[in-house]
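I've put the structures underneath this note.
Two complexes are shown next, each including chain A; its partner changes from chain B in the first to chain C in the second.
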Partner chain A sequence: MSRLSSTIEGWRSFDSFAAAGLISCLDPRTIILSALCTVIAMTGAGKGEVMVLLPLTAFPLTLLVLANIPPIWLVKRILPVLPFALMIGLLNPWLEQGTVTLPGGAEISTGWFTLASITLRALISAATALLLIASVGLLNLSRGLAGLKVPALFITQLQMLFRYFFVIGEEFQRMERAWRLRSGSRRGRMPLKLAAQLLQNLFLRSLARASRIHNAMLARGFNGEVPAGAPLHWRLRDTVWLAGWAGFALLCRFNLPLLLGAMLTGQPQ
Partner chain B sequence: MSHHYLHFNSVSFTYPDGTKALSEVSFEMYHGERIGLIGANGAGKSTLLQLLAGFLVTQSGSIDLGGLKITPSTIAEVRRTLGFVFQDADDQLFMPTVFEDVAFGPANLGVEEPELTPLVLETLKRTGIAHLADRPPYHLSGGQKRAAAIATVLASSPSMLVLDEPANALDPIARRRIIEQLRGFTHSQLIASHDLDLVLDLCHRVVVLHEGKVAAVAPPMTVFKNKELLEQCGLLPPLRMQELPPEGPQLKVVEGHHHEIAHHHHTAEK
Partner chain C sequence: MHMSDALISPEVGLSMLAIAGGALALSCHRCSREIRSGEKLSQIPLMGVLGAFVFAAQMINFTIPGTGSSGHIAGALLLAVLLGPAAGFIVIASVLLVQALLFADGGLLAYGANLFNMGFIPCFLVYPFLWRPLVSRDSSRRRIVTVSLITGIIAMTAGAFTITVETVFSGITTLPFFKFLMVIVPIHVLIGVGEGLITASVVLFAFSSESGELFLDQKNRRIGSWRTVAAFAIAAALLAGMLSWFASSNPDGLEWSVARVESTKDVGQQPAADLLHQKSAELQRSTSLLPDYQLGTPKSADSATAGSVIAWRTSAAGLIGSALTLTLVLLLAMLLKTRQRRSAVPFSKR
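This part shows the complex of A and B:
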């Protein structure tokens, strides 16, 4: 299997995790709301407040464990985010004027904390978004969003975007395979000029394919909204889960960092 | 009024680039009938199906489905009546699992739980793919995909089936299974296909399209025996009606192996 094929297969496993694991026992709205609490706590954290952010990694980690998702699967998918985050904050340690005294007495630039904060935010956001879809499944996620009164137009757009990603992937896979079969003695990377030409072709092909899929949907009564499926049921365990994560996020935002700080520095709050 | 009746009445269609795809096409299909739509590439089969599905709009003439004229305003009703099985099953299967794909049509038509799940399971059972319910469609074999595509359509309880190349790219056993399945359905069926053996096996009548016009409407055997007509329309008789070579390749059992075709090279024998 080519690298591209295995990448597409890997991304497709998004939906296959959703059926297994303890997360599938919860109402999708619960997971969406608890993810939202985590994100709100994260965005509310100050510029270099790494200690607020660190405990928040517990949320994606919990999803990972309860949904039985292999950690390597997640690592492979969030690593591409890292260069972008580093690019944004890489110069901070040198550009920022402020310093922080560490417990040993050494002084370091506050830029190191902002760099760590940017990186952590990027990783938590990417992991939470990926694991939300992976553990709940796109269809259940859509049902959950519909249950939270998110406009149907937005939900349909989300579903179409997700499917279109695979349509493009599959079409590119076919073109790349055809090129490889006829590339003769050339090995390795596709020439840039040819890649640009193929890209043009790719959009036309994927558009034609998407239009055939759309026709198939129309032929089966699609009217712009994907049916919501079975009704959702909010249970006690959903309330417990949501209350737990909302409380944890609140604690992280206001108290836990101070407690951790006091523990690390040995100073009273 | 029976929705199993279809009438193409002098239908014409020209694409914006000036290509005349259909010209004065007329034929009828009756309740429970299976009609084969055949013709060389570019004869107008796909355009005809697209008009029937409402993806294209008739420019002149009319298409009547049990008294309901197909127009943009009636298309929702028409799609409720017709079940379209597309040529490429990958285009038809777009949901994460086979179950969800089969549920898509009835759910759009307003079927809700607790009726939806038993309906889907029953349809899957009927098409022999109940064991594939939780599988992602892209991991199925060609024959399974085709069966799933048919199930997605049957779940909406259509009165009429429209199938574009139903046995396309299937192995002989899967092809035979699909033929038997289609034979088992009581729906009226319009089957567009280049597989003339399938048409001969299944269809009561054949509509031959040639350069956008109806060249003949007759029982399959009548059409396929007419060599002049077939030649004129760029077609060949079904394989089973073609003359076989007097002596086929010989089979022999090679020890430790399965049957193998023995090639006799005249030069070697000499």
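This part shows the complex of A and C:
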């Protein structure tokens, strides 16, 4: 399956999760803000910190469970993200001069900790972003962003993009498939000249489509604003959810595992 | 060329989010005004469809000339040429947000950095300062291709450069600045060739097509106050970045005086006398975004390269701080302007 086809299929699968699950009972603003708290706490962890990051995996895992999303779906989408993070951190064990003595007495480079930290960060951030959209849904996310005072024109643009990607994408999918079936042994990569010609053609079709859409919108009384849908209501459960995750992120900032470990073992920190 | 949350620090991430978010708010404000006035009502479906077009175009991997690798179009320069810098920036912002959420390309906190690298630079720096002054209504095909090629390369290379700066200043990776730069820049120069050629190809097609009238207006448009704002932004950023190289690492007058009195070399590391001061100092250290006007943990001053590292870090703090200040000032100005306009509306029309 080509990248475009898998993208269209993948995009369709996102909206199938959003309607079900307990997450749909919450205000989308709550989920967006709690995801941001988690990501900020994650990026605030020290360079070689691994222990601080571990409890933060609780947020994407909670979304995964409450939105009834199959874990294999998440794994398939996270794997393509990892190589870039690994590429950046892979040389750290050799580049970093410092060493750490492990409890067994063996000495290893501090670079292994930074590599593990970078990998864990990539996993948490990718899982949080993917599960945010999968659990909330594309249109609810737009409503949530509008509720957070993101400019109306940007929200309209997002909704237009959501709606017309399938139309334009499927148009291009047919063109790409036609090329693929006739391209023989050249797989995946298109010659630059041909890519430019195909895009010219797609551009012309997109313009024609935009013109038809505009006429249809005008016929329905379009005056420059797309209706936002039902207003959002902030409830007590939203406050509890947000306060809970913000507090948890703050605790993680102060190394929750170490605090808990010290408390349980009675050892000074 | 997306930056990931895994490689960015909260200081860099939030600063870039403020800058890119401010630019997005201003762009939306400007475009909304034109759309509400009714003169550009068709802009909304056009922006939506061109966003979908760029999104689909990014899925096509073309062969990078002269190498065995492949790349894809970023599209911001193309959108700026077709729709104008403000509308182009809004469209690329929506594309990048969808990419961050649907494919985890980049991240939530790195969104600002990605929007700056892939949207702000082509739309507000490369297009108004290079593409637009060099292309006029009567420009030949050859000139449009040449200018698009050069600006495409510059946009991609500048984006790759800012990725390197942001990654190194975030301090998560150990890769040295110049080594990282040498890895990332050459491939982006080549991707820029593809970006430029495809931009030229679609732009020429757009100008000569039946719907070309839509875009010819854009071709002849004069760039207004954005140029002035962008020029001031660059000047302030460069000035702050360079001046901070000369910032003294010695304690300031007050610190020096206290140090003399208490016979200490560094009052910044002197523990506070009582418990309240100690606790508040700890709290300040743990919550401070720009501690001591430097980013991350400064290296010890006894190593041979420590001086240069501190200078770079100080520059980063100056750069980010001034950019943030500029954004806040611009936002405040916009707010005041809006209020002023509202208060200017006659009472009968309220």
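Everything below uses one rule, namely that the second predicted complex is superposed on the first by the 184 of 269 C-alpha atoms of A that agree within 3 Å, B and C clash if a C-alpha of one lies under 4 Å from a C-alpha of the other, contacts with A are read in each partner's own complex, and residues count from 1 in each chain.
Criterion: a contact is a pair of C-beta atoms (placed from the backbone, for glycine too) under 8 Å apart; a residue touches a chain by one contact, two chains touch by 3 or more.
The structure presented is a predicted model; accordingly, all values stated were derived computationally and were not measured.
Asker: Considering only the touch criterion stated at the top, classify A:Val65 as touching first (chain B), second (chain C), both, or neither.
Answerer: neither
Asker: Check the residue A:Arg163 against both partner chains and state whether it touches chain B (first), chain C (second), both, or neither.
Answerer: In the superposed model, A:Arg163 contacts both chain B and chain C.
Asker: Should A:Val240 be classified as contacting the first partner (chain B), the second (chain C), both, or neither?
Answerer: neither
Asker: Of the partners chain B and chain C, which touch A:Gly137 in the superposed model: first, second, both, neither?
Answerer: Only chain B is touched by A:Gly137; chain C is not.
Asker: Check the residue A:Val81 against both partner chains and state whether it touches chain B (first), chain C (second), both, or neither.
Answerer: second
Asker: Thinking of the overlay built on chain A, is A:Pro231 touched by chain B (first), by chain C (second), by both, or by neither?
Answerer: The first partner, chain B, only.
Asker: Pick one for A:Ile213: touches chain B only (first), chain C only (second), both, or neither.
Answerer: Both partners.
Asker: According to the stated criteria, A:Leu202 is in contact with first (chain B), second (chain C), both, or neither; which is it?
Answerer: After superposition on chain A, A:Leu202 lies in contact with chain C alone.
Asker: For A:Gly221, using the defined touch cut-off, is the partner it touches chain B, chain C, both, or neither? Pick first, second, both or neither.
Answerer: First partner only.
Asker: Please determine whether it is chain B or chain C that touches the greater number of chain A residues.
Answerer: Ranking chain B and chain C by residues of chain A touched puts C first.
Asker: On chain A, what residues does chain B touch that chain C touches as well?
Answerer: In the superposed arrangement, which is not itself an observed complex, chain A uses residues 163, 209, 213, 217-218, 222-223, 226 for both chain B and chain C.
Asker: Which residues of chain C touch chain A in the complex?
Answerer: 2, 4-10, 13-14, 24-25, 28-29, 31-32, 35-36, 38, 41-42, 44-53, 55-57, 59-65, 70, 73, 90-91, 93-95, 97-98, 100-105, 107-110, 167, 171-176, 194, 197-198, 201-202, 205-206, 209, 211, 214, 286, 296-297
Asker: Please give the residue numbers of chain A that touch chain C in the complex, ascending.
Answerer: 2-4, 7, 10-11, 14, 35-36, 39-40, 42-44, 47, 77-78, 80-81, 84-85, 88-89, 91-92, 95-96, 111, 114, 117-119, 121-122, 124-130, 132-133, 141, 151-154, 156-165, 167-169, 171-172, 176, 188-192, 195-200, 202-204, 206-211, 213-214, 217-218, 222-224, 226, 253-254
Asker: What residues of chain A sit close enough to touch chain B in their complex?
Answerer: My answer: residues 12, 15-16, 19, 137-139, 163, 209, 212-213, 215-223, 226-227, 229-231.
Asker: In their shared complex, at which residues does chain B touch chain A?
Answerer: By the definition above, chain B touches chain A via 53-55, 76, 79-80, 82, 84, 86, 88, 91-92, 94-97, 100, 103-105, 107-109, 113, 116-117, 134, 136, 138, 152-153, 156.
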